[in-house]
Amino acid sequence: MSLQTEIIQFLLAGITVGSIYALIALGFVTIYNVTGIINFAQGEFAVYGAFIAITAFQKSRLLSGNWQVALEWPLPAAALVGVVITTLVGILLYRLAIQPARRASILSMIIITIGAAFVMRGAALLLWGTDPYRLPVFTPGPPLKIFGAILTRQSVWVIAVTAVLLVILYWFFNRTLTGKTLQACADNPKAAQLMGISPQRMALLAFGISSAVTAIAGIVIVPSTFMTYDRGLTLSLKGFVAAIVGGLSNPAGAVLGGISLGVLESFGAGYLSSGYKDAISFIVLFIVLAVRLGGFLRRRGSAGERAGL
Amino acid sequence: MLEIKNVSTSYGHVEALRGVSMAAHPGEIVSLIGANGAGKTTLLNTISGMTPARSGQILLNGVEITRLSPEKIVNLGVCQVPERRQVFATLSVRDNLTLGAYTRMRGRGEPPIKDRKTLHLDIETIYAMFPILKQREKQLAGTLSGGEQQMLAIGRSLMGRPKVLLLDEPSLGLAPLIVRDIFEIINCLREIDTIILLVEQNARAALRVADRGYVLETGRIVMAGPAADLAADPAIQQAYLGKQGR
Amino acid sequence: MKRLLIARLGSPNLIAFLIMALGLAAAPVFIDNNYIITVLTIIALFTMLTIGLSLLMGYAGQISLGQATFFGIGAYSMAIFSTRLGLSPWLSLLAGMILAGGVAYLLGMLIFRLHGHYLAMATLGMNIILYLILTQQVDWTGGPSGFRGVPDLSIGGMTLSTDTHYYYLIWFFALITIALSLNIVNSRVGRAMRALHSSEIAAETLGIDTGRFKLQVFALSAAYSALAGGLYASFLGFISPSSFTINASIKIVLMAVVGGLSSIWGATFGAAAILVIEQWLRTAIKSLVPGASGEQEIIAFGLILMLIMIFMPEGLVTGAGKALRARIARRKPERAQPAGG
Amino acid sequence: MSDTPLLRASRLFKRFGGVMAVNDVSFAVQEGQILALIGPNGAGKTTTFNLISGTHGPDQGEVIFRDRRISGSRPSQIAQQGLARTFQNLQIFGEMTVLENVMAGCHLQGTAGFLAAALRLPKAGAEEKRMRGQAMSYLEQTGLAERAHDPAGSLPFGQQRLVEIARGLAVQPQLLLLDEPAAGLNRTETEELDRLILRIRDQGISVLLVEHDMNLVMAIADHVVVLHYGSKIAEGSPAQVQANPDVIAAYLGDDWAAPPRREAADA
């Protein structure tokens, strides 16, 4: 393989993985903007989306084989169920754990979402065990060739789904009343309240949207990589790093951050060391934090933080 | 009418309002004046539910609104123009106005907005009052000048068709010439036949534009009466600048 | 001097400390069960870890979700220095503490400019990087399959070999940790730390160099953790990266939270409570769901974390004490003014 | 020595976004003086206060304290120079006892570090005893001695204010900055505060005061500086500024700004 092809190959792989990071980062940003909370359980939504879709799609043995499920729905229906149930989980998380503690300190809120991540991860372990799971590729067929580099059909799906989601979200936030209401809440929660907008209702909505987007990320990636119950944490951290790189409160930045992180990882794994691939994102995190947080990011905080939500 | 009966409000340990009673009627402008920290803004926040009263009653046309959530109070037609304007800086001028009608579009405020056309007409009414906002329609509110933001904040509140309009320090931080424009606008608001409560540090201007006034000092109403009488009272100056110094 | 001594003897901390020390010293006489002795020893280790975190989180108000990093540094320093570099085990233990403290200090210089979420994530990242190093640098660490043959410590020519030996040794260090920490908390530096937790800006205006204090506390908590790590490595003789994961870090957070974030005694209680619950849950889950494997107990841990933070953010020990006092305080005026009710 | 002021703020500027919060403000605090910084809402008092106490650095200009430039230093360094402050929205250490709060204020009077504290070295013990004694004397001065062992957060608001002042005194400052000390106090508490501030001044500690309560300012200040729209518009004795037409206009506004009300126009 020529150097040029190799570079394109790494780039394509990076963009594919980066799309997933971008979606998770968007999930972070959506919740953070409206509520000022960083949800450490974010990555678990991706795991749940994938696992639920798989369970609906194929015969599954849950609870260490004590519970057999054979729904065998078609893939689109299974995926839909994955997204819907995960969204409900997200909404439940807000109602049961976040809303009752909404006046708590940041430290408490971090611990609560960490606790939530543990509960979700433990429940996933109990239900699905430690086995790796995979969905079949959405459309089987030979991979595409781009300048000699290979792009699998599933990668095309990943990138396309990300692109479509971005368009939908853009439309939602900028063209619908509800979307603008969410933006208003992120911008100035106090003024939003004076308009008769309920910040708690908006926070619930943010959790719903965020968990749905992250669940979709989990579902589109699971045909190309195995999903295990403990992937949530790594996905959370990568999504968070992507969000930070993009400025944390900026959706477009989150997408760019996600894709650049994916590309960086892909090149790092290819040229430096595949074993330390996961360390790359944290080194990026440390650098970004050191360089930028001393300055404007820290002072600004999110709207929710200012309002004490 | 708006009635406030013996209302007290605290922030944590600090009692910001101590047994305040007052009333206001549609079509009149009532000014609340007093030195910094006298409790003027707290009074507005207590009416709008942002800082709930600890005791006492607030009645709007005979219906008790004390301790309802701010959202419910907005639904009943109490709209506040907050201190320092608080426009949605990252949204366009038009979107800011649209969100001002949020409760009406959700069918909870009166009269409800059922279609885009009604909304459009309402926004045009605001543009007629503030032509500059129409010019800036697509601009982000954060890019507006202070005076324009104040107009937008007032326009946004009017989109809610308020029965009670609470104006918190509309002249704060604005250049003197702009302050004049803002007071001109407040004077015109009398025509919409709403109850208008005006909190102002510029006591002289506030009393000139108002029909009646209340003077607050450390959370209590210490003087009340027709605005013209208050304006002529030397005790006002003492309320602001203290007893005779050395 | 005599009065001072009496005053000290009379302090509840000292009495509690003495009772605890006596009880622990006597325990092996009555317990003839290696399993229980081992569990008690592990409680001592986690007491040290939890106290380190309590000082950091509860007193200095800084969050760390990566305390297992320093636990790991201590353990692997003990293993590597004493075998590969030929240092004596005691020196290796000390070296591990210094190394962990130094790493914390340097890292702290970078990450303590951060607040809240960022700090939490950065400390998580720190833990993940350590885990990667432990699994990747196979030549030094033995990789994922672990490191065998960590030497035993010895005192005055006597090599510590039995579980009971280590029980005494590790509890000795744990009690020292408790004593030192109690002293620190009730001193000039302790007040500075608590002030910093309560209001950083106010502490700063009293002339407290908050930046330096955070670093020092972080380094101290790291040294405590490394001490626990070194003792742990020597006690078991075998270590593997899986003991130093984020799960372990969160478990330490959980212990601190259960005990109350700003309570030294709470740390011991939290460590004991969680370890006992953990043992119990492992068997309970297996009997509920036959064939289940893995760390399902984290469901319960997560739930405990959430419930405490939602309903009793100061932690069980502090929170329960406060609730009780509030109840008594509520009752008093009722009794004084029966007509008022 | 006596002709150089204790603190001199010269030509301070501070801009927040598009707003000039502090615009070319200069003034001086003499030794043994109570200086009040007043002005209507949004005049820039608090920002000026923050520039002096080191919470913010000025964009331009400098603050000289005892012949040393303190602007741009960290608050802890400024405290070491002999400048203490209180906060408008109280920043007491609520979980600590009143005594511990004030002992935290004695921080600079001690040197014991982690090691000395952990091992309870005799040096640390003696130091601790000395600090405790000092702290108690400040509590007696402010009338808080009886509450010494109560958690500071459990005190009524007025006494929490006093805890902050006692804590500030414990820094042993030459200049004490008080940020709206009377806010939230009732009338008797304010009068007690009057007397306390005068006593502090009589001990030789200068006081710089930002305050809304004009009765308090007019009763105790030696010198008053008036800010409006970020600029200094007047200074002088209380009686002088009270009679100053610019000050009156700043506080009460200009009625030309408003058009006359409708009825008046109709009549």
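The chains carry the letters A, B, C and D, assigned in the order they are written, with residues numbered from 1 in each.
By our rule, contacts are C-beta pairs under 8 Å (C-beta built on N, C-alpha and C of every residue); 3 or more make two chains touch, one makes a residue touch a chain.
Computed from a prediction, not measured in an experiment: that's the story for all the values here.
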Chain whose average C-alpha position is farthest from chain B's own: C
Higher-contact pair (C-beta pairs counted), A-B versus A-C: A-C
Approximate Å spacing (C-alpha centroids) for the pair chain A, chain B: 42
Whole-Å gap between the CA centroids of chain B and chain C: 54
Rounded Å distance between chain A and chain C, as computed from the means of their C-alpha atoms: 32
For chain A paired with chain D, centre-to-centre distance based on mean C-alpha positions, whole Å: 48
Chain contact topology (line, ring, star, complete or other): ring
Pairs of chains satisfying the touch condition: A-B, A-C, B-D, C-D
Partner chain C, residues of chain A touching it in the complex: 38, 40, 63-66, 97, 100-101, 104-112, 114-123, 125-126, 129-130, 233-234, 237, 240-241, 244, 273, 275-276, 278-279, 281-283, 285-286, 289-290, 293-294, 298
Contacting residues of chain B [partner chain A, same complex]: 48, 50, 69-71, 74-75, 79-80, 82, 86-91, 95, 98-100, 102-103, 105-106, 108-109, 156, 160
Complex interface listing, chain B residues touching chain D: 11-16, 29, 35-37, 169, 171-173, 176, 179-180, 183-184, 186-187, 190, 200-211, 218, 227-228, 231, 236-237, 240-246
Complex contacts: residues of chain C adjacent to chain D: 180-181, 183-184, 187-192, 194-195, 198-199, 201-210, 216, 220, 262
Residues of chain C touching chain A in the complex: 57, 61, 63, 65, 110-111, 113-118, 120-122, 124-126, 128-129, 132, 135-136, 246, 250, 253, 257, 285, 289-306, 309-310, 313
